[in-house]
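Two complexes are shown next, each including chain A; its partner changes from chain B in the first to chain C in the second.
Here is the complex of A and B:
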């Protein structure tokens, strides 16, 4: 499948900024979400009710449609690890503190599928509308669904992922004794995926695979690459997440041992910050790198954010 | 009565996230559910029912009564005064 548009709102200057991969550095501790002027993308009547995750997602999805010059996508597919936390927190706090009737808006918008629903409402789309929530592999599952739909005949699908940070996450991490060396952040990345290559195509999404309860990471990577008729030496760039020390050490050992001299490995969590679907940020980063560096032909996203899950996504340059 | 209307406008702006509006932007007799007035919609109507209970202890159980009461800030204030007396 071909990636015909990509848009990301994050703690980095990614939105409408082709070439951002050349500019960005690992995040500072004090980083903040860089938001566009949402009024340019979302009707004021809808915007006033939208939480951060909804604003990011609708704006990024609409930006993608504009880039791809498509009015109505064949489907809208979203992955989210934790869903609409801001509205969930608001609703639960009201639930605990107010007797009697509860305000409907935060309840309606607290469900995970609100994201895909709001994208659909904002463009008047009545097609397939799906939300995948599979922990750190939510985005990869959304991509697999997209691939299946494309093979069934639908085209020009908006697929992406989003998660939002709320201060309660730090509080919960502290109480669970789970300190993170990475910033907890928010981010939304959306793409238009199509069957056919066009003048607007940015790259090709060659394959995506998820492995739950992963036992042997080396074997899974070998199997994935071999199914795509690739040797490890043919991969030009590895984007990996580092939360799981096991994945990090295997990736370093495996790829350093196997790679040719120009191979590069980049820890994308240091760039995006930590949120469950930051592999979507990595995909956009990989696409941008391919656009900026024609010598890059094959990029592998190795999502080991959760030690029991492994996500593998292979992106190729159009010249491959 | 005037302070009740001011109070009501503040709660409506806050609870309905009317980010671009100030208290002074809402006329006492502007139609709340008209595009020419404040431009509220059906979800806002539910939020107003919750607001009436939360801040004024009034349960709006009769839909016809609510329809009349939620026409403008003036009718809302009258409704609150009537229920409280």
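Here is the complex of A and C:
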């Protein structure tokens, strides 16, 4: 499948900024979400009620459609690890502390499918509409669903992922002894994926795989690469998540046998910050790198953010 | 299209197994009653599974805590559907579950303690996210690889079944457990009350006097297999999933369009995928929540598709309550039972037709019926509409 548009709202200057991969540095502790002028994408009345995750997602999805010059996509598919946290927290606070009649807005907007639902509402789309929520693999599952749909004859699919930060997450992480080296952040990345290559195509999404409750990481990487007729030395760039120690040691050992230059491996979590679907940021980053560096042919996104799950995504330049 | 269904598992307010559920359906026994197991301030009418978490854990032999009620219910149904099947490297096995609340049953207890500064147990947050409920079920069953969770509100269960069928059709998996699970929570009860669609009396789907739904809880799973998997397992085919479709209503955040736009598309497309005609549908297991809005919109959609030839139809939610993400899966098992046993289930609590549409559901259990194809509808808020068609295995 071909990636015909890409749009990301994050803590980095990613939005409508082709070439961002050349500019960005690992995030500082004080980083904040860089929001576009949402009013350019969302009706002011709706915007007032929308949480961060809804704003980011609707704006990024609409930006993608504009880039691809498509009015109606064949489907809308969203991945989210933790869903609409801001409204979930708000409704928990409301019903646990308010007596009597409760305002329903935060309940309505707390469900995971609000993201894909709001995108469909904002453009009046009646196509296939789906929400995947499989922890750190939610985005990869959205991509797999997209590839199924393209084989079934649908085309020009909006697929993406989003997660939002709320301050409570830091508190929970601390109490659960999960101190992260990285900032907990928000981000939304959306793409238009199509069956055929066009003038607008940015790159090709060659393959994507998820392995839940993974046992043998290097065997899984081996089999993914061999199913794509690749030796590991043929991969030009590896984008890896901030790997858990177990995954990191396996991955490092695995790749160090083939790589000797650190520049070929980039930790994308340091760039995006930490959120469950930041592999979607990595895919956009990989696409942008391919645009900037014609010598890059094959980019592998290695998502081991959660030690029990492995996501593998292979992106190729159009010249491959 | 036709994907074989070879295993069923079900837990709901009307029984802890498929057989117990069937017995209640045949005998008109509703599971909806004042709240008993959930720690709730008022006696809402709910379809609770008649077991405490301790009883469920004990029954399953689960030691590792914390675990959400959503996972416990899901695991009970998934184990029944999985039966004595063995794991093998020869077959690509997956699991797709659906949930709308995930671990909210434990999170809301945590959050109450958190607000009260009453020594909240942060450890339960590990089972909050929806994906965790499925990972937990997969781990207990020894399934790894393709493990996925869908969350599209009330259509989630139907979507999980559809996605499993598509993965098998495209040769990505050889067999897959598909279904959904949701525990009753104060979060959802209060949510539907805030929308003013929670009925304090028995829900009355398709009745003119209907004023809302009663929430329920439960889980159901089905085992789907391709031919290669059948050769290995030797399982017999109960019936087939032959049609499926998903469409967005794109009308309103919570309400369905009065013209039933998305619902009509889902029903029509699912029948088209099955290769059957509308006249071949023997029975419709309706979404039929009992809200003013859904039942009118769904009735209109049925008229749009079936015209004057409306098949026998009923909503089984007066038995189970509305089980949200589990509903599509629970009602899929009911649809399979309708085919397997030649039954059409009654729509309890119905008296008067809806003035605008005049449709009359089946009110008494119909036995010894030639049920060859069943349509099951699941329409969610957020405009997510899905329909499935089940048919006899030929």
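Everything below uses one rule, namely that the second predicted complex is superposed on the first by the 314 of 320 C-alpha atoms of A that agree within 3 Å, B and C clash if a C-alpha of one lies under 4 Å from a C-alpha of the other, contacts with A are read in each partner's own complex, and residues count from 1 in each chain.
As a working rule, contacts are C-beta pairs under 8 Å (C-beta built on N, C-alpha and C of every residue); 3 or more make two chains touch, one makes a residue touch a chain.
All values reported here derive from a predicted model rather than from experimental measurement.
Trainee: Examine A:148 and indicate which partner it touches, taking first as chain B and second as chain C; both and neither are also allowed.
Mentor: second
Trainee: Contact-wise, after the overlay, does A:121 reach chain B, chain C, both or neither (first, second, both, neither)?
Mentor: Touch status of A:121: second partner only.
Trainee: Mind working out whether A:132 is in touch with chain B, chain C, both or neither, as first, second, both or neither?
Mentor: It touches chain C, and chain B stays clear.
Trainee: After superposition on the shared chain, which partner residues are touched by A:102: those of chain B (first), chain C (second), both, or neither?
Mentor: both
Trainee: A:34 contacts which: chain B (first), chain C (second), both, neither?
Mentor: In the superposed model, A:34 contacts neither chain B nor chain C.
Trainee: Which holds for A:45: it touches chain B only (first), chain C only (second), both, or neither?
Mentor: In the superposed model, A:45 contacts chain B only, not chain C.
Trainee: Chain B or chain C: which reaches more residues on chain A?
Mentor: So, of the two partners, C touches more residues of chain A.
Trainee: With both complexes superposed on chain A, which partner does A:23 reach: first (chain B), second (chain C), both or neither?
Mentor: Touch status of A:23: no partner.
Trainee: Please report the chain A residues shared by its interface with chain B and its interface with chain C.
Mentor: Touching chain B in the first complex and chain C in the second, residues 101-104, 108 of chain A appear in both lists.
Trainee: For the complex, which residues does chain A have touching chain B?
Mentor: 44-45, 47-49, 98, 100-105, 108
Trainee: Sort out for me which residues of chain C touch chain A in the complex.
Mentor: 100, 102, 107-108, 111-112, 115, 122-123, 125-126, 129-132, 134-135, 138-139, 143-153, 159, 163, 166-167, 170, 172, 186-187, 190-191, 193-195, 246-254, 261-262, 265, 380-384
Trainee: Residues of chain A touching chain C in their complex?
Mentor: So the residues of chain A in touch with chain C come to 76, 81-83, 91-93, 95-97, 101-104, 107-114, 116-118, 120-121, 123-135, 137-138, 141, 144-145, 148, 151-152, 172, 175-176, 210-215, 276, 308.
Trainee: Under the definition above, what is the set of chain B residues touching chain A in their complex?
Mentor: 15-20, 39, 41, 43, 46-47, 49-50, 53-54, 59
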